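All chains are identified by letter, namely A, B, C and D, in their written order; residue positions are counted from 1 within each chain.
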Amino acid sequence: MIKLTNVSKEYPRRGLALTDVSFHVRKGEFVFLTGHSGAGKTSTLRLIHMAERPTSGEVRVSGFSSERTRDSEIWKLRRKVGFVFQDFRLLPHRTASENVAFALEVTGAPRREVRMRVQRLLTQVGLSAKAEAYVHELSGGEQQRVAIARALATEPLVLLADEPTGNLDEFATRGIIDLFRDINRLGMVVVTATHDLGLVRSYPDARVMEMKEGTIVYDSARLE
Amino acid sequence: MPYALREALAAFRRTPVLTGLSSAMVALALFVTGLFGLATHNIRRAIEQVEQRVEIVAYIRDDAGRAEVAVAEDEIRALPEVLEVRYFSKDDALEVARRELPEFQEILAGVDVNPLPASMEIQLRPGSRTQENVSALVARMSAYPFVEEVRYGREWLDKVFLMRRVGAAAAGVLGSGFAVAGVLIVGTAVRIAIFARREEIQVMRLVGARDSFIRGPFLLEGLLTGLMGSLGAAALTYVTYVTVRYSLFNVAWIPGAWVGGGIAVGALLGVLASLISVRRYLEGA
Amino acid sequence: MPYALREALAAFRRTPVLTGLSSAMVALALFVTGLFGLATHNIRRAIEQVEQRVEIVAYIRDDAGRAEVAVAEDEIRALPEVLEVRYFSKDDALEVARRELPEFQEILAGVDVNPLPASMEIQLRPGSRTQENVSALVARMSAYPFVEEVRYGREWLDKVFLMRRVGAAAAGVLGSGFAVAGVLIVGTAVRIAIFARREEIQVMRLVGARDSFIRGPFLLEGLLTGLMGSLGAAALTYVTYVTVRYSLFNVAWIPGAWVGGGIAVGALLGVLASLISVRRYLEGA
Amino acid sequence: MIKLTNVSKEYPRRGLALTDVSFHVRKGEFVFLTGHSGAGKTSTLRLIHMAERPTSGEVRVSGFSSERTRDSEIWKLRRKVGFVFQDFRLLPHRTASENVAFALEVTGAPRREVRMRVQRLLTQVGLSAKAEAYVHELSGGEQQRVAIARALATEPLVLLADEPTGNLDEFATRGIIDLFRDINRLGMVVVTATHDLGLVRSYPDARVMEMKEGTIVYDSARLE
């Protein structure tokens, strides 16, 4: 489903952010990506989402290859890959439900269906009461949950969640990760970047990859 | 209501300051063009009125027969470029001279034969008052044996024609200057407005929107901004026109086709500017 | 380099698109005004040239003594509003009439006493060609016993004066229209540019910046944008002037004071627009 | 130092976010403010920072009262109160060090001193290597640390830290909170809003206040 082969990423002024990263995530896997701040977690997820292209190596996601997919085709990939951004990236001046609906409207889903799905998603992340609140009227954790609901809206094959619970309390965090697990059981690949080692430890059957200075230094799947 | 339209209208609600300012800018840019149109149109009308006085006078020999002149008069009158032909007899001429040239009154009174010739005055049709037509007609008149001399106020007429050329050139230069400036201002206004929303565009891409899907509402928004701006410009120009007309002097309103054209251009510009800007930000992210 | 200036310059580096577009907009808005200035200045010059031909002619009785006329001539010449006085004798008049009025040649040839009067032609100084001055001078001339009649091409002169009034009114209306539009465009451009940076302003406040501290760089940025725009406008206008001059017809360049004034106005507008916008966003947060 | 008396806050379209909140934080205290997402932590901190005014009740901070301080005087308060925003609020298009320097330039500090202080602060948060990186070139955790360095720049009397370690790993988190403690020992009041109960537990001598639906439901200081 996701395969990185000898991927390196160099930013113009800043040198190598990722060096020779290779891993393979198969259908149905549930992965935690950990590592210190600045280790390269977000960079890795952005490469999978094809928001960046690797400087060398190849990224393959669900049939899309970073070497062959044209910019004008990336939208097809994006509908199969949900992304919970570390900084949320909600559309300003819109309500919580408008933000979630946007990801569905994009696919041309009929309006009635959009409305129903949005309502269900907001309920799942515990925000049904805030559906009509504008983004700037939401607390940090509430915004994060809108971002989560949006990433799940299209029922993607892959969910990339970048620090999805950084603004959530323990209770809400468990709720969200349990939600991810449930959908994961239905087949969705989940890759969650997180610093929260406590969280990682509480899901002992998940695959854990640890990054350090742009390389994968530990991968629980490789030990088996 | 289709998605793109709904979103475009929502933009006016979401960022009223931004869309308000951009529409205002479009209105002002096109108002400048509107004012210029008003001025040009009226100057052109004024020049046309002056041109109306273009006339060719043929002085007729004293020995010409009245019948022979009348035939020529009909011939000339039948020409397509001729509007009107009037005959002035020797007596008419004396009358006019007495009235209009008081310093010669004494002289004319003292003379017992009328020294002034009869004449034929020819006016051209509005569309045909060109230098070529005038020259051709002068040549034709001179060819009649009973015509002694043909006059057409060469100097004055040359001035009118020059005025027309200068006027047209000035209108061309100023008009294209204003038009280009207006176009660029409209374009720039819409582009700045979209610049302020570039992050939104990038988020939309990240969420899986096709470029055409993102573009739709922005193009419509550009169209609406351009349209609102143009209508505002038309209104501003009309208010100016009414104010001038009732407080300063009589001016004519711009032809409807110009107004329509201006509004269409404004709307089109809004769309084009959006297209250029959105494309620019779609290339990022 | 003081903080505000450093920051204002940095803005051009940080958001080149935004500052570039705003300056371009200011340039275009003032270019419109510049073009209008060019046109007005040249029309005014043209009217002045026509006005140069304002002259008053006093016809002198045949029985007037040359000495008495010469004294009057000197008196008139001494008046502050008079530029030139020329005397035409009866013979001069006959000469001119022979040359310019061919149809009367025969009549004039047949008369043995010269029927034409001597005359005195008076021209006014450029600044003094007003309707009042003309009337006063006509009255004064008429009062001389040797003057038979005073003429000053009343109809034609009235037309020139009317033309001047209409021209001034048109320039006033159009000019104020363009100026207002230009001012508003400049203001709006800077305001949109600051709108795009409103969050920055709010962050600055949250970090403990005084309003005056925040305002400083924005005002300077507005000044620079206005200044760059005005200079751009001056350059655009000059290019147009040169183009017209060498390819169409001879025009004069706008007086330096207008150019300087325009640039100052542009810069000032940039500052004012920044002030208004920044204040607006300072009131939030 | 900080005193809230019967403070309520109502947002235009959303009803009461805070209801009758009262507490008093004295010089030298180190406080954790906890509570579920949407409980009112950020709202409380914003009131202390006077980014909002209470709908009723009074907020007093270091001699400034919400009832008497005019808008045009708030900058004086802001220089005494550092704020680490939950969403960072860095100035875009600027480097890490420019962002930190800004808080000092605002006070008219001489440029040489600014340079020195900025360098020291970035070193303290572990970012000296990224001083010249632009904000958009920084990872989430790096941005958060810039925000922390900026809040500390003016050596404030009070530090309000809203979820300051949401994007930091355990190790970096300890580093930051230890830094806060050190400065706290020199007299600075620290109020940290956080969901991380593990963190709260590891500083047992800190005062803990818990919020729920806009009210303080637990305050360890009141038990003593």
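Keep this in mind: a contact is a pair of C-beta atoms (placed from the backbone, for glycine too) under 8 Å apart; a residue touches a chain by one contact, two chains touch by 3 or more.
Treat the numbers as computed from the prediction; the structure is a model and nothing was measured.
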item	value
Minimum number of chain-to-chain touching steps separating chain A from chain D	1
Where chain A and chain C are represented by their mean Cα positions, the distance between them in whole Å	67
Chain centre separation (chain C, chain D; CA means) in Å	62
Chain A and chain B: spacing of chain centres that average the CA atoms, whole Å	62
For chain C, residues that touch 2 or more chains besides their own	none
Of all residues in chain A, the ones touching two or more other chains	none
Overall pattern in which the protein chains touch one another (line/ring/star/complete/other)	ring
Every chain pair in contact, whichever chains are involved	A-B, A-D, B-C, C-D
Chain B-touching residues of chain A, taken from the complex the two chains share	49, 51, 72, 74-75, 78-79, 83, 85, 89-94, 102-103, 105-107, 150, 154
List of chain B residues in touch with chain A within their complex	3, 14-15, 200, 203-211, 213, 285
List of chain C residues in touch with chain B within their complex	17-18, 21-22, 24-25, 28-29, 31-32, 35-36, 39, 59, 103-104, 106-108, 110-111, 115-117, 166, 169-170, 173-174, 177-178, 181-182, 184-185, 188-189, 191-193, 195-196, 240, 243-244, 248-249
Contacting residues of chain A [partner chain D, same complex]	11, 13-14, 34-38, 41-43, 86-87, 130, 133, 137, 139-142, 144-145, 162-163, 166-173, 195, 197-198
